[in-house]
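First the structure, which I've put down as structure tokens, then a few questions once you've had a look.
Should a chain be cited, it is by its letter among A, B, C and D, assigned in written order, with residues numbered from 1 in that chain.
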Amino acid sequence: MAKLVLEHLTKDFGNVRAVNDVSLEVEDGEFLVILGPSGAGKTTTLKLIAGVERPTSGMIYIGGKPMNAIEPHHRNVAMAFESYALYPHYNVRDNLSFPLKAPGRKFAQQEIDRRVEEVAELLNIHMLLDRLPRMLSNGQKQRVALGRAMVREPDVLLLDEPISHLDAKLRHRMRTEFKALEAAIRATTIYVTHDYLEAMSLADRLVVLKEGSIQQIGGPHELFVNPANVFVAQLLGHPQINLVECTLQRTNGVLELISTDGAIKLEVPERLRGALADGKLDRVLAGIRPQHLGVANGHHPASNVCSGTVYVYERLGTKGTLTASVGAHRLDVLTSIEESFVIDEPVSLTIDHTQLSLFDAQTHKNILFN
Amino acid sequence: MTGNLASVHASSLQKQEVRARLPFLVRARPYLILLPALLILVGILIPFGMGVYYSLTAYALNRPGSLDNFVGLRNYDRMINSSGFMNSTTITLKYALSATSVELLLGLGIAMLLNRDTLLAKILQTTLIFPMMVAPVIGTLIWKLMMQPSVGILNPMLNAVGLPSLQWASVPETALFSVVLVDVWMFTPFAALILLAGLRSFPREPFEAARVDGASLWFTFRNLTLPMLTPYIIIVVLFRFMDSLKQFDIIFAMTEGGPGNTLMTYQLTAYRTSIQYLRLAQGLPYAVTLFVVIYITSQYLVKFWGKAQRRAAGYSS
Amino acid sequence: MAEVRLEHVYKTYRGGVEAVIDLNLTINDGEFLTLLGPSGCGKTSTLRMIVGLEEITSGQIIIGNRVVNKLGPNERNVALAFETYALYPPLRVYDNIAFCLRARGVPHGDIDRRVREVATMLDITDILDRKPAELGGGQKQRVSLARALVREPDVFLMDEPLSHLDAAQRAHMRSELKRLHARTGRTTVLVTHDQLEAVAMAERIAVMDLGVLQQVGAFNDIFNNPVNKFVAGFIGEPPMNFLPCTATSKGGDVVLRATDGSFSVKLPPELAHKVNDHSSDQIEIGIRPINIVAAHHPNGNGAVEVEARVFTFEALGEEGQLAATVGDQQVLVVTPATEHFERGDKVWLEMQTKRLHLFDAKTGLAL
Amino acid sequence: METQVINKRMGRIIADGLMVAYFLFALFPIFWMVLMSLKSTDELFTTQFVFKPTTENYHAILFGDPRAAAGVVAKQEFPRNFMNSVIISSGSVLVSLLVGVPAAYALARYNFKAKENLAFTFLSFRFAPELVVIIPLSVIYRKLGLYDTYYGTIWVLQLITLPLLIWVLRSYFEDISPDIEQAAMVDGYPWWRIFWRILLPLVRPGLAAASLLAFVFAWNTFMFPLILGASQVQTVTVSALGYVSSAQAFFNRMAAASVIASFPQMIVALSIQRYLIRGLSFGAVKG
């Protein structure tokens, strides 16, 4: 196993900068997740580490050794491709054993068979060993691609959106299965995805990428609760975090946030008062997650309550999403799936102001990050 | 922002740059594996260059030293003013235009018929390519035999349906018709196969939508099938028009350019003058001119095909 | 506008594949109904039979008051938005929409008016001169809808309209389609395999499987009292847990013991009588992950609860998802965002009796 | 409703009729050629179809004519011409494969500046009138001693077989997703091993079809051997012409020679049905 270090890694395709000055350390055996929308440079970063793409500048070290001048087949790196990239003319067994028979790797035949059987058992594809890739479902192809990457126990394991091409039901099941699998993976692993649920569920540490640049690095819960900027806040969580532009006001000693159209009034929580003390910021964006909003049924304290009308109500998965129009804003509120609402009926909402995040209206950066 | 990276590898980045480049052999790989093909390319361009050069001299095999007599464009000037030039130009164009247009229309008809996927269509389709597989020279000999007054079968067939016998390629009036007939017999399968592949590549849903929209067969054909088939039509035109402009085997095997000069196309003239009469300098200009015409037309058609492909796929290109 | 009635409709393809078996369904005038089911369940065949792109093997389809079996697709005054949009690649957006009007010989002035009207309704007036391939997924989708609506059909049908859009476009189109239906009040049928979509949009849902109509009803009927195991398992994400048990009744009390012996629970009276009236003792408990409360220690006071061990726990921001093993079964539980569980912990799963379902193990029918 | 059904059926009958008519036009000459090859010389000039088939013509061209009068050009070189055709065609296809397969891969996978013009130059060989190259070669070959030799003919046939192989294989290589190649690299295989064990097997069907098609076009050429070859490397196509112009018009022997000379192509046509379109259109149309 080995520690992976990226130093100011940059990659340009023509005049498009796919990866922009990425510096990152991945500890030996760590399960790091890179999260970002499509086109954020996630796959390019993986391909730079694997060596199938050449960096424009910056260095890659595995186990302390520089990798830039070394061809992919000499790096002990394995990769499961988003398109699975199985060898169409080999059956599953040959696909799995292919890396073990590479030149320079002296594995005895029964050692190869043992490892193939073991990984097939782990991913329960042992009954598919004699099938050709075109006879497999997407779910099965995904497991074979994963098996081929894991079979030779590489120093670094790169997984490119392994389960994003499956239908919703299968993807949820595979995510849980992946969580169980995590314990069996000892290699330093980078898992790339655009689905925040996978990131939150699987990551020891999470890196958010946007247009090739790192936005934030940290634990999944930390990024969810304390996003570095609006982009990270919007990326994590469904329905998306509500953003309300507010001005700061001090009324009888209490620092308050008033939405620009005055429809929403919020108390500034204790932990955020320090950052606002210097009074430089006048316009801020208040980030309120839908689960921190509730439908008031009358007996709630006066402050942090607002009223509006039902714009649309939709049941999705385990929750219902009420979109209420409050003044000029549209706020999403998470409700239980049993609720039901009538369009345009009045509704009053309670806001748990203690879970608030505040962002500078110009730079969109979290006020706690200077 | 990116955490304080304790840079264990603090050495300056420039020094690392040297160790960061791949070995020369790896970087030069694309050019190395293209080398043999480039050698053959050169091996063909050299004689081509010499051919053009010869056409600028007074070179004739039976007159020693005539190669060093550089005359510039005199041969081309003489060619254009020569008596046979006008006839040769018209016959070359007539042959190419008539062959290509008949093959395109007949091919489209056959493709539409075969696209109906009936059992009969599937069986017949396997034999569609046969005429094109026969060597052009041999195919022409068979037709020549069928057109033979004594042993041939065509005239008896014509008489059987009350039509008078024809003298086919032995008289100027029907010579062109005879050779174009053989060309059509041989290459219509090409047009049919390409257009059939085109029809079969269409997505099914737009045509179902047209049915739901209540469009008539003709309305659908004109507004949907034809525009979407254009790139395939252009491929047929590209291949057939270019090939029939330089057709040699059929005409040579049928009449060697006769009767008289009726079928003396550019290729035949270039062949007879350069090879039979050994006057390279007079024959080559025909071949070089034909090359220039074909090169320019094929460039234009390939560009046009790219555009048509985008338009048929729905871009405004 | 018109009502659509399907009476004993069958569809058998060459080679004997029975795609639709004895389908009886009425889509009321002006209703928004979703035809939901896994791929290959016969929903698309049904749609194509209503539109007239597929022959009806037997039975009758009545639109408004006309039997349409023998009528061609263009004589039924219905409109279909295809899954792959099926736009006419060589034609501009304007001509795509005007295609059917021109085919019917509608005068030029009317064509222009109606095309611009429907383009404004679907807010695609700015792309009327563009070609299909240059449009984004959402735009193509709207052009496909405009082309279907411009002829003011009696019935408007959609085949998996949102399956090729990305998440953001899909959410946007869901509310637009709902608002479009609210405004036009046209009888609308949506075919989809995505139960999230069906639940989010339709007033009534018809669930099909293997060519047979399983259940028709509003969201609450289907979600809370599913007629069989298939409907219960198909609707709801993450799916319902099923625990096979054997029922024994001792002195009026009914106890369900897991077939692998990993747990046994006493049923409260309102569920107990159902088991007593049922012929077989092989019962399956059906409980949705959102109707289970995972606790670190047993509740005890007569609650229907089962002891289990944490297999995996995923903290997903708005909620947690716990996979617990009970014997050789795995039970999924949705936990509040604030809860946390460690792998290997003991945990007690309390099932809300109000939402506990019982199915016959063999037939899968609800008790 | 009934009228719609009737004219639908009428339409189908007319369509089938037209189709059969065309296929008669297309297949009759080949059928007639086989017929003529089975006619004995004395029955030659009777045009009725009923006759006593004989294999004397095949016998004559393959093993020499037992009744050949002295003056008649004994046509038993046919077997030699047939072998010449086989050697020349397979030789030029082999050279084109060795040169063309790597070139096709390079043109499919790598992108460098002159890539498209290079590919188009190869394509322009296919369309260019060959005389511009052959006429000068007829002089050069005599000087280099390549005239009337297998090497000379095989070399010049590259004008036909190489562009076809490069373009068709390029479209097959382009069908393979780069990810598969990169996966093999990451799995620990150097480039040439990947080419040998992954890429070639994946294009094998296309490779076989393109080679067979190139073989047929090389087999069918006439102008090259006519001008650059003589007795040593005379191919079947050039020799077939000899029958007609000889003093004694042996039409039935010519028919027999034509049947044998066309036999290989028919087998090829039937065996690569599915890949035919892609080969004929140089990879432009994926059948």
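Criterion: a contact is a pair of C-beta atoms (placed from the backbone, for glycine too) under 8 Å apart; a residue touches a chain by one contact, two chains touch by 3 or more.
Here the structure is a predicted model, which means the values were calculated and not measured.
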### Task
Please give the intersection of the contact partners of chain A with those of chain D.
B
### Query
Most C-beta contact pairs, which chains?
B-D
### Distance from the mean Cα position of chain D to that of chain B, given in whole angstrom
15
## Note on the structure
Cα centre of chain A to Cα centre of chain B, whole Å, reads 55
### Summary
Check: chain B positions touching at least 2 other chains come out as 26
### Task
Pull out all the chain pairs that touch, please.
A-B, A-C, A-D, B-C, B-D
### Contact footprint of chain B on chain C as seen in their complex
51-53, 72-75, 78-80, 82-91, 95, 99-100, 102-104, 130-134, 147, 151
### Task
Please name which positions on chain B make contact with chain D in the complex.
26, 29-31, 33-34, 36-37, 39-41, 43-44, 47-48, 50-52, 54, 61, 106, 109-110, 113-114, 116, 118, 120-121, 124, 126-131, 133-139, 141-146, 148, 150-151, 153, 156, 185, 188-190, 193-194, 197-198, 201, 232, 235, 239, 242-243, 245-246, 248-249, 252-253, 266-267, 270-271, 274-275, 280, 283-284, 287-288, 290-291, 294-295, 298, 302, 305
### Summary
In their shared complex, chain A is touched by residues of chain B numbered 1-3, 5, 7-9, 13, 16, 19-23, 26
### Message
Considering only the defined contacts, which chain D positions touch chain B in the complex?
### Response
12, 15-16, 18-20, 22-23, 25-27, 29-30, 32-33, 36, 44-45, 47, 98-100, 102-103, 105-107, 110, 112, 118, 120-125, 127-133, 135-140, 155, 158-159, 162, 166, 191, 216, 219-220, 222-223, 227, 236-238, 240-241, 244, 251, 254-255, 258, 261-262, 265-266, 268-270, 273, 276-277, 280-281, 284-287
### Task
Going by the contact rule at the top, pick out the chain A residues touching chain B in the complex.
5, 7-8, 23-25, 54-55, 57-59, 61, 64, 66, 68-69, 71, 214, 216-217, 228, 369
